[in-house]
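Both complexes below contain subunit A, partnered by subunit B and then by subunit C.
Entry: the complex of A and B
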């Protein structure tokens, strides 16, 4: 089989070799990271100025409280506030802001104002991992399960299994998560006595040593089970329905028919052709869902008395512990932004059309 | 009969629709010989694509093959395509008969590189030697005038429409199928790209050994490639013969009208003979000869009786009661 013709058709116009800066700014990953950092910066700034400039801002309220509760002088109360919020209240606003940024960079978020001497950073360090664990695990479970079930519904369209799953999905995705949590709490606990809710409180059982042991791992799962179950139950319906409609649309795509014409095996078509393409739009929704579940954790952790950051936030709100509130708000926002970034980068890995300078040009 | 690759006999395909049953293919009979190019020509909606899809059994779920037989021959063995089970059918597709679809701009998986799509096609048919497959792919891509290294490492969206069409043609040849069906391979492309695709096909015809079923509504394109031409009207073949006979001596009024709308070799254009009347309704096709409402030669007989496809020349068949009066 001699080849007589030289390839001619694809000589592209010679591109000018971009310099490092151009390459960086065209790079999707780089741009996304910059965007995330910028968002965090804006959030931090807005938080600062909101708290400092509101007419009845927390600092002012705190000072008034100190005066009325303990009979402090204004100056004493003010010094107290400076220490707790890690802000020098005597400095001009601009300088305060810069110091606040500097403190943030060093991980200094001020001190709790109810339990004196407790650093906000320590509260976050202690409680955030539990929330990250329960929220992350449930997102993963519900995303993967939702994709699987959604594809099943699409492949078995208009069969009893599709009807059953569709009904289930629309039902659970329309009930608010705290309602499901309370129903579970009441029905499974006192009513049916299936589980001992009280023993599931907290994040680990007393006396269990943290470490890489099976016992510890199972105990952690045991305590996180109810929140995870609720998060999964409330988010899985959305994934299932989204994946079902996306799969149905993808099954109509030419490349799926052509894949059949090419004699590919059904399994290969289902995974690499239908599944992969159909799940792409869901990755963009993943970012939104992360924020949702994180926000929901505040209520759910309160209901199940799960020792996560959400419960700490409720506690701080009840006690009007402003430095803690501010710190937790900040860290939740940052977590959501970072999770968004991860979801986006994942998406760009999966969809070649987004990669490297191709996306976001329009 | 030993050089036969494909034999279609009395094939009927229907689509149930809300208004009634669309009879998209009505009693089609033809054969494809080894190494020949057969062009299927007809206006939009005449059932060409449906016929092609039926040959590889990729019709939409709703479609029904009411009647007929499709026989495939290779190396002295024969296969009844309509009787294949799912696994036999999977292996038959692409390995024996590859079909490149109409408007195949979206025919490649957007998330896989071209190379991966060559490899998974080969693997599905039991070729596990990736290097051999890669070599063959490089060879084929060169034949369709693409830069193999660049194309293999590209994603489909990085290629132009014409390049994708060539990739598909190369992919179609990967498993050395005996029959390739190209459904309107140039329709979505601009004139220059069309030309180069036709050139590529001509070269491939000269270099490789395969039979080609070339589906088009453009008779002049067919003339450049085909050995034989079949004209399709209202789901039926109304005339079939060598490309020479079809052009020089069409015996069916519909074929005649089609040839008249084609520029001749001398360069002067005949006025585009737009065939008066509208395309037939395939739910309730006209009684008798389906072409009679638009036919200048129609008689009472044409309105009552359907003309059979009969021999009108040495290797030419036509379905017309009055074929002797066409090009007498």
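Entry: the complex of A and C
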């Protein structure tokens, strides 16, 4: 039973007003942003030390490769490596680290060492938007549709609709997404010839100019359709099942009974009372889903030859192009951390208990 | 005699509990099928290594019940021999990560304070990192060509989710009446953990283990598919898929089974695991068991 807080009529006793610093540290949004920044900082640091200190680390591999392939002297190879990784290898490790951080802040992630002269940042700028678009759209569709279908299942409990949707949800949520992608590709493509897999490749058809035209928009959707379909299909089951059990629990809450007793319309109860409250716990699971879909893009983009950042990561991995690998891994991680931050802030807007620090589990 | 009878009784009872949930029982039968397929059938069906140029992508026949692959090898024999590594790695990974999670999760919940904050902060941090790209990048640095090493790495990648789950479970169980009662009777911490809390968490732990297994199947399949994992004698389903994929088997009508047979094997194995969790709840529920 939620305790009703009576409107405060009396003036509060004189209290020392918290200063700016105290207000900041108690502020949920501020704390959450700091946490995200700290996480990014740790990831960046760990990545740097992995690259520099691991036995057979990429820098060392690169130097050895240059010496054996091109007959360079050790010093020449080292200079090359310094330039490509944007790390001054002659400086002490501590200074190297600080310079690396400085370069990162300026957006300098080094250069690809397979295609000479290509900045890692340019690769990211070119390919990341496509992944953000397809993954973001999918997460949104899947979350919204999953909540809707989950509520439907809860309201129509123990009916054929519920059984059919439950079976569908368990099926799609247990099969790995890249297998679903392969099945769809093989069955819809060469077997049934419903889709033309060759023309759907890439993120845009050759010759189509980017711009605010319907033609461009449709072409983008055409190329992203299969990846989005797979992401949605493989994540929607989880949302449906979670929303179903959450809705069933919410339907038994007193405030729902009270709302019914007050004679509110069913539609209003369903959206403002049940739906809003039942969907809250799902936001906490968004974090895992965001990371999973983003991570899965490495496989899905490879299968559909969708030119996003995931496919570039595979390419870099296959070519052992370490600066590119490192840059893309960092940008994927940062994207996931930022997406989680957005999800959490959204959650705190919807559920004031979080913002006010009462929903924290202790 | 009484021991034998006890074991028989235990088996009967467990089977009965599994069968209480129809869907879970279906998963159980599926798992049994795959265990027999992967560990018993290879004794009878030899692995087909001969390539037959005249029989590439031949359709199912009495001789090759699932047809032949891009080299003319028998697909059925590939499917039979492809399960062992997948199942072993999945189980090892599940067991290791569940062990880590139980130790860290219960330590975190029972000690509380700074230890709890530290473990949870580490878990939060770990959850923010997309594991599959990390794994793919790691695979370029570490040679993952050993079943144990691979399982260990896969387990280390999935500890955070499980640890959080186990911690919250211990936290809620700790406040149950029977635990309070044991504590007020002056029982030791060890007794409370192993005799009061753990038995009531077994179903939860078993279910976590199964989900960790599905994650392991996902990750190892993905790695193989990207060509980042190569055992010397690895014929796992994922390898068959990867070979079929790189040989362009998806483009031909006749090669359908070459790529689909291992895909469906992995998919059904995953589905069986997930469905089986529905029964685990009943199997480990101490209230549903009677003594001999």
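Just so it is clear, the second predicted complex is superposed on the first by the 340 of 362 C-alpha atoms of A that agree within 3 Å, B and C clash if a C-alpha of one lies under 4 Å from a C-alpha of the other, contacts with A are read in each partner's own complex, and residues count from 1 in each chain.
What we mean here is this: a residue touches a chain if its C-beta (ideal position, glycine included) is under 8 Å from a C-beta of that chain, and two chains touch if they have at least 3 such contacts.
What you see is a predicted model, and the numbers here were worked out from it, not measured in a lab.
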Determine, under the contact definition given at the top, whether A:257 touches first (subunit B), second (subunit C), both, or neither.
first
Mind working out whether A:202 is in touch with subunit B, subunit C, both or neither, as first, second, both or neither?
neither
Regarding the shared-chain residue A:183, is it in contact with subunit B (first), subunit C (second), both, or neither?
second
Have a look at where A:281 lands relative to subunit B and subunit C in the superposition and call it first, second, both or neither.
neither
Is A:291 in contact with subunit B, with subunit C, with both, or with neither (first, second, both, neither)?
second
On subunit A, which partner touches more residues: subunit B or subunit C?
C
Partner chain(s) touched by A:148 [first = subunit B, second = subunit C, both, neither]
neither
In the superposed arrangement, what residues of subunit A touch both subunit B and subunit C?
none
Give the list of subunit C residues in touch with subunit A in this complex.
124-125, 127-134, 136-137, 139-141, 161, 168, 214, 217-218, 221-222, 225-228, 241, 245, 250-253, 256, 259-260, 263, 266-267, 270-271, 273-275
Sites on subunit B touched by subunit A in the complex:
56, 58, 90-95, 98-99, 101, 103-113, 120-121, 124-125, 139, 141-143, 145-148, 150-151, 155, 157, 162-163, 166, 168, 171, 196, 203, 207-208
Given the complex, residues on subunit A that touch subunit B span 1-5, 7-11, 253-255, 257-265, 268, 272-273, 276-277, 280, 350-353, 358
Contacts from subunit A onto subunit C in the complex sit at residues 35, 39, 42-43, 50, 54, 56-58, 170-171, 173-176, 178-179, 182-183, 185-186, 189-191, 287-288, 291-292, 294-296, 298-299, 302, 310, 313-314, 317-318, 320, 325-326, 328-329, 332-333, 336-337, 340, 361
